[in-house]
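Structure incoming, see below.
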Amino acid sequence: MGIHSVITFRCADGPGIVHAISGAIVAVHGNISDSQQYSSPDTGMFFMRVQVDSDASQDDLAAALAPVQARFDAHLTIDTQGRPARTLVLVSTAPHVLNALLSAQRAGAVPIEVPLVLGNHPDLADMARFYGVGFELVPTPDAPAKAAFEARVREVVREHDIELVVLARYMQIISPQLCADLAGRMINIHHSFLPGFKGANPYRQAHERGVKLIGATAHFVTADLDEGPIIEQSVVRVNHTKSVEELRQLGADAESVTLTHAVRLFAEHRILLDGIRTVIFD
Amino acid sequence: MGIHSVITFRCADGPGIVHAISGAIVAVHGNISDSQQYSSPDTGMFFMRVQVDSDASQDDLAAALAPVQARFDAHLTIDTQGRPARTLVLVSTAPHVLNALLSAQRAGAVPIEVPLVLGNHPDLADMARFYGVGFELVPTPDAPAKAAFEARVREVVREHDIELVVLARYMQIISPQLCADLAGRMINIHHSFLPGFKGANPYRQAHERGVKLIGATAHFVTADLDEGPIIEQSVVRVNHTKSVEELRQLGADAESVTLTHAVRLFAEHRILLDGIRTVIFD
Amino acid sequence: MGIHSVITFRCADGPGIVHAISGAIVAVHGNISDSQQYSSPDTGMFFMRVQVDSDASQDDLAAALAPVQARFDAHLTIDTQGRPARTLVLVSTAPHVLNALLSAQRAGAVPIEVPLVLGNHPDLADMARFYGVGFELVPTPDAPAKAAFEARVREVVREHDIELVVLARYMQIISPQLCADLAGRMINIHHSFLPGFKGANPYRQAHERGVKLIGATAHFVTADLDEGPIIEQSVVRVNHTKSVEELRQLGADAESVTLTHAVRLFAEHRILLDGIRTVIFD
Amino acid sequence: MGIHSVITFRCADGPGIVHAISGAIVAVHGNISDSQQYSSPDTGMFFMRVQVDSDASQDDLAAALAPVQARFDAHLTIDTQGRPARTLVLVSTAPHVLNALLSAQRAGAVPIEVPLVLGNHPDLADMARFYGVGFELVPTPDAPAKAAFEARVREVVREHDIELVVLARYMQIISPQLCADLAGRMINIHHSFLPGFKGANPYRQAHERGVKLIGATAHFVTADLDEGPIIEQSVVRVNHTKSVEELRQLGADAESVTLTHAVRLFAEHRILLDGIRTVIFD
């Protein structure tokens, strides 16, 4: 069967949802190749992700699902499996996360296309060029310049129909308004395991406190700094011999792996929001 | 809704299965609280596990599902969520796995009931008693005694309607006939990460070879020694300073955790067989 | 060589320390079978742990080391390798950590002897008895009773020459005075990965926040609640489907493993204090 | 103190070695900032790695250590801490390991300098150029060409005084003679957890067998294919849904991390050979 679609469906929980969705799929002679669902006891919401193979067009599938969506007042998405998500990457000077993301993209491991990398420092222009990706510099020395940077983000999002904005160690705070406008589609990598050490230098604090594990957290960006819904976390074992610099290096590896993994989950429509939590269908 | 059921369904893949199953659930006014499915590209089989909450009886649910089972020539099970699986545990002298399993059972973490522990050595009688579980000694000094042990296993399976036989470091080879008779419901813990070192003393080999990770594998028992379908595996990091004895101790911890996890998966109907592989709905 | 000793040495860092220590060992014809050292850039302190095999008595070894200790104004300990550390365990009602600790002790994996388990609830008397360990109940319904409990702890420490006090999910806050008196030899298991969620129900918070990893931290007890030097930490991967109760169960496993590991490190003289950090020679 | 040296010392075990080495260090007014040692019960060998800070020259340090080396008939190395190891990288077409290694080098996380990448395919010339590293193509279509490739390896090793040869997914078997000539300084990344599946397509075998963990092993190259001393291993958790291609991708990540870690250990003189095992001072 020629067309491979991925459907996500979110609505208030109740009987008959799965039957209605699968009925719509049967109606277009579709076959379900993968399906996951979850009912949240906390919020009373129902979540589903379905992969469908069918000879019918996606328009036909959408038409079949439309009454189901209406009946359950659902949030529905239909996409082609493996279609690259249009992604804007924001960077400052640290190269490790951008390198991990673009090399994974090139290797076919993360289905994204990156029309542009936007940096407030020129350092990563070379790396973007190596991967054949456009780079644009918008410095942010002061408040008006920061506003200009965000204005440029909005423009790029519009012009390139951007679906996902990735903060790949972009070291500026995003304004509450932009956080709100890009809610649920802007991902940050936090250089700590959350909940974690607050403040500017978590690796120094981790060193001083003598922790035995350090980590990284990928999360959606909200106006509440570092309190957005968590997508993925990972840790690395350390010991007393590690300097602050060595912790930073080990943390950088964790950041690269964790953010790349989170971006793949997003691009494959595997993340659904359940209030301040994420439902991950991996 | 008063009755919580768990359904497993396995058949040749094809369109309409999910719709038919969910239709049967709708017919008894059931609500799906959890559902996972998988279509195997290797074998062309379809696997599903569904948790259903309903006010209808399990007999009504079974009646509604019967035509679906017939239509797809499926293997179907229906059980009450959380019902303890009747489990026979076979042991020799090593206490760690039995202790882990019974303490997890007592803590409510593994839904099993253990009418009997059968040992070919008396060493673990005390431990069984501590947990309020019967213990029976059937020594196995020679071939006839081994046959008698297996005969006793068959009797206990019959008398107590045993659903799962667990080899908790039971140190005798099971006859091919008993392996065949208990196929898919006898679980062993292998004292190595598989594929791994063959032979009697894997920890010595691991030490001599200087491996940096050791592990344990829980698998279904088949006549092909240590080649049965893998259920769960885990590893522990080690280094050159570890003696064979210390590796054995670390391996013992991995065995305890891994087997206990595998037994929980079985008791919760989360393991489905796909040829020589397992599909795990966790 | 008949006598196996373990030496720890802590002093202000400077040239010649290792040479002086090794000279003392050579003087009693000792052989160093294992040695680890660390110089802390943070505190300027030197730390060393040495295992020595010798035919000389431990008194002779001590005599040879005495001038080295004096010269560097060092904190020195000499003990017999593998000698069980006299350990008092404090418990309330949760059985998992006590069970893990005593079964590891019985298996020879943790060199401790436990003359007494002291509980403020009767629940774990049976378990102590099963492992052949004394149990004493001192309820703590009010402030005077809590003071009596701590008074009994002090008595037991004196009478049994206790070296280590383990809080195996003992659910009372220890008074600042007892924390101070047992500084560096009272270990707690914290039911969270630190730094972590504050307050009474971290698993509920972890669930609500949708974290992807939960963990446990073993640390020395100080008057600063949960801020004592960290000995060992571990994490377990979780997802959105886990209820608060399931998180608690997974956390319990992490607690058992982590505390048992920390107690072994202590009993083998592998933990040295470097201000608010630990140096672990594992 | 201006000069930071790292010493490794390997000899038959016996009393007085540490004292003699530390005496030589004291003689040049050196301070030991880090030291690790190990006595192998298997081979009776003694291993030590010491970091020394001193105002004396490395020649003075060598002169002080010379009689100690002679007395114990030891293998001794003295190097400057952090000096980049001259490294030749061999590649074929897979980019992930080379990218991980060179980006870690650029980030300062792995102290190597790479005068040349030698490939039997042209695919990675661009990547080498991006990192400012020379690339040379020597195709290997047949046996004479393979011999020419190895001849070129020998030349480069001589001309550039190469200390370490890294096989970064170089897909040709190395001749026994070259293995022997570069024994202990040629590192390979094996695309499996060892001992593991033999043969050409381990990920297919891992998929067919339904393993729950896959991994990677970095090891020294010996004529015994994949049987050389193990340096580092890592694993990744997988499940039944992963295709052979997805296993390959996850395996690629494990390979990158594991080889990069192994190269750092080598460059920092942290790997000592104990027969067919490695002693790792990390």
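Just a few scattered comments:
Each chain carries a letter (A, B, C and D) given by its place in the written order, and its residues are counted from 1.
To be clear about the criterion, a contact is a pair of C-beta atoms (placed from the backbone, for glycine too) under 8 Å apart; a residue touches a chain by one contact, two chains touch by 3 or more.
As the structure is a computational prediction, the values presented were derived from the model and not from experiment.
Among the other chains, D has the CA centre that is most remote from the centre of subunit B. Taking A-B and A-D together, the chain pair joined by more C-beta contacts is A-B.
For the pair subunit A and subunit D, the distance between C-alpha centroids works out to 36 Å.
Chain centres here are Cα means. That of subunit A falls 41 Å from that of subunit C. In subunit D, 34, 38, 241 are the positions where the chain touches two or more neighbouring chains simultaneously.
Subunit B makes touch with subunit D in their complex at residues 38, 40-42, 193-197, 207-213, 215, 229-235, 239-241, 243, 274, 276-280. Contacts from subunit B toward subunit C in the complex involve residues 34, 95-96, 99, 103, 106-109, 126-127, 130, 241, 249, 252-253, 257. Listing the residues of subunit D that touch subunit C in their complex gives 13-19, 22-23, 25-26, 29-39, 237.
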